[in-house]
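Input: a single structure, listed below in structure tokens.
As written, the chains take the letters A, B, C, D and E, and residue 1 is the first residue of each chain.
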Amino acid sequence: ATLDDVKARGTLNCGVSTGLPGFSSADESGHWEGFDVAVCRAVAAAVLGDPEAVEFVPTTGKTRFTALASGEIDLLARNTTWTLSRDVDLKFEFVGVNYYDGQGFLVPKELGVTSAKELDGATVCIQTGTTTELNLADFFRANNISYEPVPIETNTEARQQYIAGACDAYTTDASGLAASRATFEDPTAHVILPEIISKEPLGPLVRHGDNAWGDIARWTLNALIAAEEYGITSTNIDEMLAGTDNPEINRILGTEGNLGEMLGLDADWAVRAIKAGGNYGEIFAKNIGEDTTIGLARGLNAQWKDGGILYSMPFR
Amino acid sequence: MAQTQTDREIDRSHMHVSDQVAIEITDMNKWFGSFHVLRDINLTVYEGERIVICGPSGSGKSTLIRCINRLEEHQTGSIVVDGIELTSDLKNVDKVRSEVGMVFQHFNLFPHLTVLENLTLAPIWVRKVPRKEAEETAMHFLEKVKIPEQARKFPGQLSGGQQQRVAIARSLCMKPRIMLFDEPTSALDPEMIKEVLDTMIELAEEGMTMLCVTHEMGFAEKVANRVIFMDAGQIVEQNEPTEFFNNPQSERTKLFLSQIL
Amino acid sequence: MAQTQTDREIDRSHMHVSDQVAIEITDMNKWFGSFHVLRDINLTVYEGERIVICGPSGSGKSTLIRCINRLEEHQTGSIVVDGIELTSDLKNVDKVRSEVGMVFQHFNLFPHLTVLENLTLAPIWVRKVPRKEAEETAMHFLEKVKIPEQARKFPGQLSGGQQQRVAIARSLCMKPRIMLFDEPTSALDPEMIKEVLDTMIELAEEGMTMLCVTHEMGFAEKVANRVIFMDAGQIVEQNEPTEFFNNPQSERTKLFLSQIL
Amino acid sequence: MLLPWSISPTWGAKSLNECREILGATGREHGGACWGVINERWSQILYGFYPEELRWRPTLTFFLLFVAMIPILFNMISRRMNWLLLVLVLFGASFAVENSALMVVVKIVLGLSLAYLAYTVVKTDRDDRAEQIKEGAKRLPNPLYFTAIYVFLMPWLLWGGSIWSPVAAALGFLVGWLAFRLLAPIAGNLASLILAVIAAGVWWLLLIGPFTGLMNGLAPIGLIPVESRLFGGMLLSLTIGVVAIAASLPLGIVLALGRKSDLLIVKWLSVGFIEFIRGVPLITLLFVASMLLNIFMPPGTDFDIILRVIIMATLFASAYMAEVVRGGLAALPTGQYEAADALGLDYWKAQRLVIMPQALKISIPGIVSTFIGLFKDTTLVSIIGLLDPIGLSSTIRADLAWNGIVWELYGFIALLFFIFTFLMSRYSMYLERRLRTDHS
Amino acid sequence: MTTMTDPHRESFRLSMLLYDSRYRSMTIQIVALIGFLTLIGWLFNNTAQNLADLGKEPSFRFLGEAAGYDINQMLVEYNNQDTHLRAAFVGVLNTLLVAVLGCLAATIVGVLIGVLRLSNNWIVSRLMTIYVEMFRNVPVLLWIVFTMAVLIETLPAPRDFRGDDPSATMYLWDTVAFTNRGFYIPEPLFTRSLGDIHLFGDAMLRFNLSLDLIAIASTLLAGILISGLFKKRADRVQEATGLRPKTWYWRLGVVFLPTIAVLMILGLNWGHPELKGFNFQGGTYMRNSLIALWLALSLYTAAFIAEIVRGGILAISKGQTEAAAALGLRNRRIMSLVILPQALRVIIPPLISQYLNLTKNSSLAIAVGYMDLTGTLMGITANQTGRELETVLIGMLIYLTISLAISAVMNAYNNRVKLRER
């Protein structure tokens, strides 16, 4: 089973993007950071007790699924859209959604475009090997307008073409657009068009067939989300460990019940996961939140109580 | 041709042929594809005999002696060398080859090995002789061919005549009982022919069984017990040298001798 | 070298030198970079003369005859061939080259053309002779060098001696008045040398003006009117062959002759 | 245009924005390279994510590679010089490791042998060599021994782990050889060869595990293991290139012999393989490595991606190598085969002692060119997501600080490749020239 | 041939399998075959089992399903509702397009540079050496992404052509626009066009063939054939009289005049590109991905071709030139009658293997988003359908077919011109 393999190996093999600002990037010493990376670290912390016990495997849009299917990685945490065919036909199991996204368009302000429907005849840069190119084809066909797709392998190249004006518009998940825009010399000269042409629930995934391992990943993600909901942060978690009067918190932190044991882990698995990079909100704020250069608003990704759709399943 | 003769007189007493058979070829035929190179060859070579084979180009001389150590396969008839019949059994072939030494027209020394290494290669790997012993033997034969001082050089650094002498020494190092020579002097400049022939004459004096394809008639007269004339794949005539040269029987032989002498 | 001599006797009466000058070289000097290859060469060749040039390797023999048809440029002095001075005027060069035939050591036949095409190439493209006529001439010269049956073969399919004879025929097809030979036999096996020399002797008999770099002294004795000995870029000695061989004047010539004879 | 652009005082910048500020301050808003990225990331482009404190290992590996290649590439260097170089490299390397008692001893030993070798080099150069040969002066062992050892040393140095794994792998060859030696007199050459291969196979498949386990228990010597994913940049390119070329050589020889063989089936199998590999683009083979190779293996095997890439690169190179070796074989006159036969050497001995040494020597320029080609082609692994220099360049650009940098990175990478391949191609040209003169 | 007669008629012994040359080769071959089949069987078995575990039985049905994605450059009509197979076909055509263009350009540049490298002018030959070394010693992938970056970063975007005072202008009387999306050049239009014919109905390989193009091409071809007749006549005259008549103006005339006439009859005019909306409309559009790939591949390969050409000319020994000169031939004739015919024999085989390399390297199109076979079939199709095994297999077979076709041409040529030796 995957869990045993991971434990025996002592490291978690986690597939991430080869480089997407805010979501996954490596610094000069090869230390990986980012929103997707944090999921890997949380799982590693929960399972192995060490958020650093992760081998990051950079994958491209093309190679990610084979890497997972072949067992080269245990968990794929790379902005991957949860779709029926990937779930069923490609035989993967999405363990949840860590970012609710949708495909949007980024255009320079000077074009004067206000709606994606005005993009008739435009040249659109698009990352290949993703759902975006199918969405794009569908969108333009539905609106009966033409476009010129420019397929591109990586985000950095897309950005390069877009900035130079080789494409009129850049389409990918809105989060990615915002992330890219943030790094432009003059971010205010570009707008993200209001149309979001697809739902893109991005989440980590594992192989079909090893439900125990899928559960661990799923509940680690849930723990991060629930932690935010219940106000457990990396700073106050030690106080809370002393015991709170909220039984759900206690169950999450393993001071009550035996949820960890059910998962095949020890009692404070979730504590370690949360300590690894903080709760969902902390991770978000640190990597892609409004105070970072990426500057994404929580939007749909706010807790359900705050008007978003982020909703952790109950720990019970 | 005058310059190729030596002044020493060969000890003709050795020339008495023993009655031990070294090579026995019976009704042997060979084809290259549909081309009949050797026709009904019958030849018995006794131990200690020195045979010179001559004949026009393309008559099958090389092919005949290459059959004797199975560089070529014959198709019908039999070849028995030193009591071992050459068949498709590879073990026999190996045995025969280690009894028979061969010297080629173009020396075919191994250019990546020093002279000494050329000489010791086969003794070490085929005869499994210890290196030291092999080197001693090699030096002995190098002295015999009069170039011990070249032992550490590479073949490319030697003159043609020296190379051919090394090639002879290399064959001798395997202590063969029979030596085959295929035009050993024809790729050499005239000055070098003599030194090689001298070496061969010395070998002959020691009673080595030799088969030699050559057009050096001076050599033939001096050392051969028998001269064989081949034409169109057949042995046309064979005889004792003086008889052969002075009194050839067949027309073809006469014609040939008139051309080369 | 004995085998290279023919039994025919050359008609020496032709050897009387006419007083028409074919080549006149005056105070000619040539350098390769800073290396002085030819020093103060003075040479007059009369029509019908047959000159053999010999000398140690690197003495400038090849360079000298290559200057005569301007495969090399000389720097000072003058070369007049058949009344045309070799200057940088290309027209003169063309004229001279079509008067002067040259045969190289390595034949330099065109391997992608048949023998016949080799022979007709220059007549057709330089002399503007109709193909039919060119082919007839070519066959005539092929017969002269005794290989008419090889006309349709490619040079690669011929033996060295045959190739050299084709090369001679190729030059002859341009009906040159002067022939230059640069060691025409030195790349050949001994058996083939004779056939090429025979061809050259025949040419000599017909009174062709010839300059020949060669070390075949038998040939020199037989056909040359004059033998020129070069050393270190200079003409050291020239003389009538019998005199030259039997009674050399300079020390260097003596030394050289002692080495090669 | 290029020159003023590249002369730019941005070496110390920590991000693209900082570059822009520096350039703005000097009055050059447009134009001007941002060299800060090279300053910050050059070692990453060279080593990828290889742990910084262990980078002496790949460095040493490639120095040693050079030493190991010397006896093959430069046959004018004497054995003594070669060993001297080796000890010199090791001595230098010993300073990169922190001092422990053991290291001090090692250093002293190395230093002494260095001095001794240097002394003998000077001495042999002065004394008459011919005299020495006559006296039968002892020669140092053939440096090719080190080359053979290096084949096992290299993976160990690069990937680390217990020393017993490479030793055990090497012992497999020893087992095979011993088996051959012992059986040959009894069973004959071919049979014993087959048995020897089986013996080695048994060792590698069955006994290697217990052996390493045992030895690790007895003497746990080893280096810190480094995962292959941490390999990147030039280190990755070189590793793939060198390992694939080295591994493809034996394969290529076998294929070349197969292609020349008169055994029809063997011949057609070889031809089919060679033509197939040469007929498809390398990138499709890399797709196989990244997407399919694990599917071809028994369920449960999991080669890591770099190993898979190396396997496919080896197959790729072996097809080209086969053609190179075939060229070398074709250049040998048939007389060499005949002479070997006439001396009684059997097929394999003739190949090993007479044919291959010459054919391979003739093939060295071709092998070097194949290596250059393969080395350049290793950049294709960026397409399947490995971080070779080109792959790294996009990773670096994904860093917020350097998002938008193009020319500096490409220029630097191009320069690195240029230096490597230019030197190698010069060397191979030199060899070709020398081979030509050697022959005439 | 006669049959083998073995005088001793030994009975068959087992050891003869190994030590009898008659049986030994058979033994080895059978062992090799068994080994090979075992290996294949093992691989098949593993694959089947692994695929079964993954629940993905191999099937080629996906090829018939709608692709769903768009391809920007298509030589035959295609939309996202066409099948994956059709998409692959579009990809193959794109591969062939860039391969053919690349080979042409590489040959022209390579020959030029190879000849210039032999020039006596020190500066010229040095510059060419620098070119060759620069391109040979840097990976082609780097050249491809680099060229793409150059195109994108240095050329103006279409929007720079807009406005009253645009920062970029078109060239050649506003007929050509170089933008960082690609080049827009005039496109030939025919007012009296003959129309198209549709081939292969609805099949996957269907495509339209322009009758105009056929008409022009056949006129041109006829012109070239007639010009060939002129050459033949000149040859005959030369053979008969030795003098060669001048015919080049006739030959040019018969090639071009009828073609121009046909163009006039068809009503040739040019469609100029014009900036409309986001992009230039009209004219022929060469995408920057195609240009970058084409440029990089051909410049890179040209460096190798230059070396081949140089080597080929140098390989023809100086003796040949001298012999020809000594016969009185002029330089131009020496080149055309003696050197080139021989040099070509040396040059063509490695040249064709460079064509092979170029074609294979065109698979790097993926790095600049050019939709060739690798980008469509082995790229998007494989990714969207998860059929890696099938797509990679088909892709390899297609490349293999192309390569084998090229090698077949090479071998045929080689055998035809091989110098005859004994």
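Methods note: a contact is a pair of C-beta atoms (placed from the backbone, for glycine too) under 8 Å apart; a residue touches a chain by one contact, two chains touch by 3 or more.
The chain lineup, named per UniProt: B, C = Amino acid ABC transporter ATP-binding protein; D = Amino acid ABC transporter permease; E = ABC transporter permease subunit.
Note that the structure is a prediction, hence the values are computed from the model and not measured.
Looking at subunit B and subunit C, the chains in contact with each of them are E.
A centroid comparison over C-alpha atoms places A as the chain most distant from subunit C. Chain D has the C-alpha centroid lying closest to the overall centroid of all protein C-alpha atoms shown. Computed from the mean C-alpha positions, the centre of subunit C lies at a distance of 57 Å from the centre of subunit D.
Between subunit B and subunit D the centroid-to-centroid distance comes to 48 Å (mean Cα coordinates, whole Å). Rounded to whole angstrom units, the spacing between the C-alpha centres of subunit D and subunit E is 33.
With centres taken as mean Cα positions, subunit E sits 43 Å from subunit A.
The multi-chain contact residues of subunit E, meaning those touching 2 or more other chains, are 19, 24, 54, 149, 153, 366-367, 382, 388.
Contacts with at least two other chains are made by no residue of subunit B. Shared interface positions of subunit D, i.e. residues touching 2 or more other chains, are given as 291-292, 294-295, 383, 406. Residues 18-22, 24-30, 55-60, 62-63, 66-67, 70-72, 153-157, 159-160, 163, 183, 185, 293 of subunit A are the ones touching subunit D in the complex. Note for the complex: subunit D touches subunit E at residues 188, 190-191, 262-266, 269, 275-276, 278-284, 287-288, 291-292, 294-299, 376-377, 379-380, 382-383, 390, 406-407, 410, 413-414, 417-418, 421-422, 425. Interface residues of subunit E, counted against subunit C in their complex, comprise 238-244, 317, 319-320, 322-330, 333, 337-338, 341-342, 345, 419-422.
Interface residues of subunit B, counted against subunit D in their complex, comprise 69, 71, 94, 97-98, 100-102, 104, 106-112, 121-122, 125-126, 152, 156, 170-171, 174.
Contact residues of subunit B toward subunit E in the complex are 29, 31, 33-34, 75-76, 78, 85, 87-91, 93.
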